[in-house]
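Think of it as A, B, C and D in the order they're written, each chain with its own count starting at 1.
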């Protein structure tokens, strides 16, 4: 039985509490939030869980094995550092930290302390992403040529992070999970319409050595909600529409072959469109899968699907996107990774 | 009665012939195409039109008042120059030319010769774009903050121009038509998957002094066809889905206001979502509207909706996008216009 | 403060408990269910509510003011009769009873005992139905000519009632709520594919003296879920798609006028299609609105939106549909109402 | 080479002319229409075809082998009778005739005269219907349990036939084509909103001995256009949405099995939902396929896909639907067929 303490009972906190409550071999002992009304809300729904005011009460509780941190990103590093230093296993909400430096520090500290450090990239536990991963690993799509994601809606303007840090982590975690190649550079362009430094619309391109291109369109100011990703291989292509209630994934037997006609100095392209296949997806709740992975990886001392290394990759791309935006979209080369992704 | 000759009877040519055939005060005298099977096809459907092998036969025909050029882009300049020099009115298919230099040369030549030079940006004549223009001019949307366009499908790979030159002119012409502001720079990133220099996927951002941002997602390698544009004002927003058979335009009474809380150093944002309105659109054929505009502007010596100045603006952005793509997405500042757009 | 007891903690019970828990001036004292695992489940989520095995413990509890009955339809009558006889206010799940006779008996008993008898037709409390009611009452649609409803999916085959009794009550309650006219007859045709007497597909037509026609397509054996209703007036028409996340109601400025050309013995019809309007809907939870209506009608001694009279109307149509199905679809005239609907 | 004359150049006539023009081994010699403006229109597009005023000029033309009749239904019988009597092959637009008696007379006459009599049920030649036929014949769906069709829009009110005779022939021809069972009865209910005897909304149920039920929802007064058919087998189910540009047919691996629990007097149902498959469809023009079938069946003396027997079946159901509507929806048993369908 793993005793869990959860820090932060805001928008996402109740979902975490509910799922860790339901997870196997896990007991939610306490939840910390400085706001009295949030703790009162907690007490009404989960009378057996202790509500505390200070994160410290969880981080220092000798009873607690694992700490879940669901607070604003800017506080992730200091809370996680203390918890890791106290020998707690740590689950961080996405994005992992505000910088690559912080993320690398935490990864090293967790290794030293021999505890688990994990990042909650919930999408990796959805039936849709698992099916896509399976199809891609099974070579159904052939060689991946592009990933194109649109994640827009009329969203809550964040006051500490821009729209890429808010929305792109979902798609970047999917990219890292399903593509077995390291990106070499990014370009990003964004704009703020609220007279501050925080972009509410931004476009990010991630470039790969093989010619794979990934693009992310993020906005808090769209009148319609769109959650759409295209993944194109040279054999087949996937349309992933997360708003479809059941038909989230469509696999198109669509592609093209080309040959270079040396004489005419032309490229000859053969097109192919065929059947479409809509696989049935697992419908288990993704967040429960994530909670169970966290608990069982603690117990079995192994790395989870949504590892700290993957969390670091996401932060590395986000950090580079900041630099590109501040430099009018110029290409920013990603530094070589100092921590190898297993 | 204006006598018209049409050069090029390929993919788009039959549509031009059919609509100039139906246009007011207009006679299609001859059509030029070097391919015998195309002329045979012409003869079957339009037995009264003369098919000729050489463009020269049209350009030099003293009977012909106006020349429509529907050939590959690389040939636009030389054909149009000859026709203008011969005192013909000229309609060019989009994009107008391969370079800003060529476009400016033709504009100057047409002014000198006192003939009409026009570019066929057909979309400007659709009920959808006309309704959007009307709403924006009527201040329904407030101040325009962004335009976001996706135009993707499994498309014919062109052998002379990349995907931006092929697909983006439609959306760039709409941008120029509905926005009363000059862009100052572009960023573009693209990739070729056919081992040549011609990008089949590309992303273009057009930046404006006011903070308006416009983004264009173009691809020949999508398994699904998407024709979607979002235009966001600070009062209302438009979703334009050109694939909807009747409900192409949706006007969302959606917006947000913000205030800067100086003390807390925070931006406070108020959101608003209200009713949606789907205006009825005119259903006249856009291409016929374009043909009629060309003929009547010749007769009345005035400038058409889809003017050569607008055509030049589109080429200017495309040319800059080329430079940005070849420089890994770096910002390219648009030169000051040498020809004022009226 | 009204003390409530809830009988039945199956599929719908937890929703009732949760919403009566949240309702104003209301305390959920106890819940009855014969199944130990259901009561255990209750205790886990609502530790303050008493779980009891027998409905009698609720019906005879002098502390309890109002009884909510969420059990199979066949048990509604005997449970409600006992509760009413004991002076309790009663809320019945839909459909109200298995027969008109039972429903009329309960209505008379409630009047005699001066307690409230109400039926939970939840849809009447949705933002969508409230908006439609408002538009129709405001004469926006003109005279109502038809209502056409499709409610199909791969559904749980019920063992005691057929698909009409299971699915149509929602749509019939909407019909009764928004149309101010008494139907005079019904036709219904159905089929069972499970070798018993319980139809899994059925079609119901409800005929009105004015020429208004209402049609209901219900199935448990559709591969896709459809929840669609068309309401056509002679001025405007409504499309109500309950599966749309936000745009549930579309109001079409569509109609036609006709004139009889006496000479030609022909009808001349003028068609009209105009703008579409998608009103913003209230997003409060319908079931909570229903619970609040029940409680406040008890307190203020008035009739609720979802009255027992309306519940009776629904049962009257369902009972007639049974007779029609058993007689190969022949028209069944609805008997004159013995209880006037206020 | 078969010489064809076409009678009627109204709404559908130009499509027939265009496709017989393109058909193999076929020459369109003349077209008859009493309206001068229609003949003028013909001359503009097809200068080689002779326009004539009277149908007689075609029916009596010794040069003409085959007559295509695209006039109002009420004239089908007399025109076809004359043409057949003159030894012409005849193609009738749908519905074949105004009554079963007429249809049977024509079928007998054609047999006597040894000429081909065919009905243009164009849908049988679409890629969608051909794929459904192939799937059903290949036992992919198992035993067919239901067919449910909705064909509604704001449509032209016909002055001679009701909405069922206008819209249902398409769906009834598909029913007859894909289902290998004779229906035994129909129920229909309809309403007129134009103060004449011509229903603008009608619902038709066709009942089969095996328990298969087919239902048709037809309306000229819907604000939205719907063309949707569900076909449910006990193994798989099909959704056919004719308005989808490419994904018209979806095959659902969805079904249920049941067993009768004798002890509990209950039916136990097992549900199954699996993958969905969207087959690629042939995109050849259906009307051209029909025209080619007509010509080649004349040449090879064989029966076409869209035979006169199938046309008769459609009329038989329509005639019975009239009787049911005029008798308030009562079941009308279909008479035993006097002409065996091969």
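The rule is short, and it goes like this: contacts are C-beta pairs under 8 Å (C-beta built on N, C-alpha and C of every residue); 3 or more make two chains touch, one makes a residue touch a chain.
Computed from a predicted model, the values in this text were never measured in an experiment.
J.: By the contact definition above, name the pair with the higher C-beta contact count: A-D or C-D.
T.: Of the two interfaces, A-D and C-D, more C-beta pairs touch across C-D.
J.: What's the farthest chain from subunit B if centres are computed as the mean of the Cα atoms?
T.: Chain C.
J.: For subunit A and subunit C, what's the span in angstrom between their mean Cα positions?
T.: 43
J.: What is the distance, in whole Å, between the centres of subunit A and subunit D, each centre taken as the mean of its C-alpha atoms?
T.: 54
J.: Using mean CA coordinates as chain centres, what's the subunit C-subunit D distance in Å?
T.: The answer is 39 Å.
J.: Mark out which residues of subunit B touch at least two other chains, giving numbers and ranges.
T.: Residue numbers touching two or more other chains: 273.
J.: Please name which positions on subunit D make contact with subunit A in the complex.
T.: Residue list for subunit D touching subunit A: 247, 250, 253, 273-280.
J.: Would you pull the subunit B residues touching subunit A in the complex into a rising list?
T.: Against subunit A, the touching part of subunit B is residues 145-146, 148, 150, 152, 154, 156-157, 159, 185, 187, 189-196, 198, 201, 203, 205, 207, 211, 213, 215, 217, 219, 221-224, 230, 232, 234, 237, 239, 252, 254, 256, 258, 260, 266-267, 269, 271, 273, 328-331.
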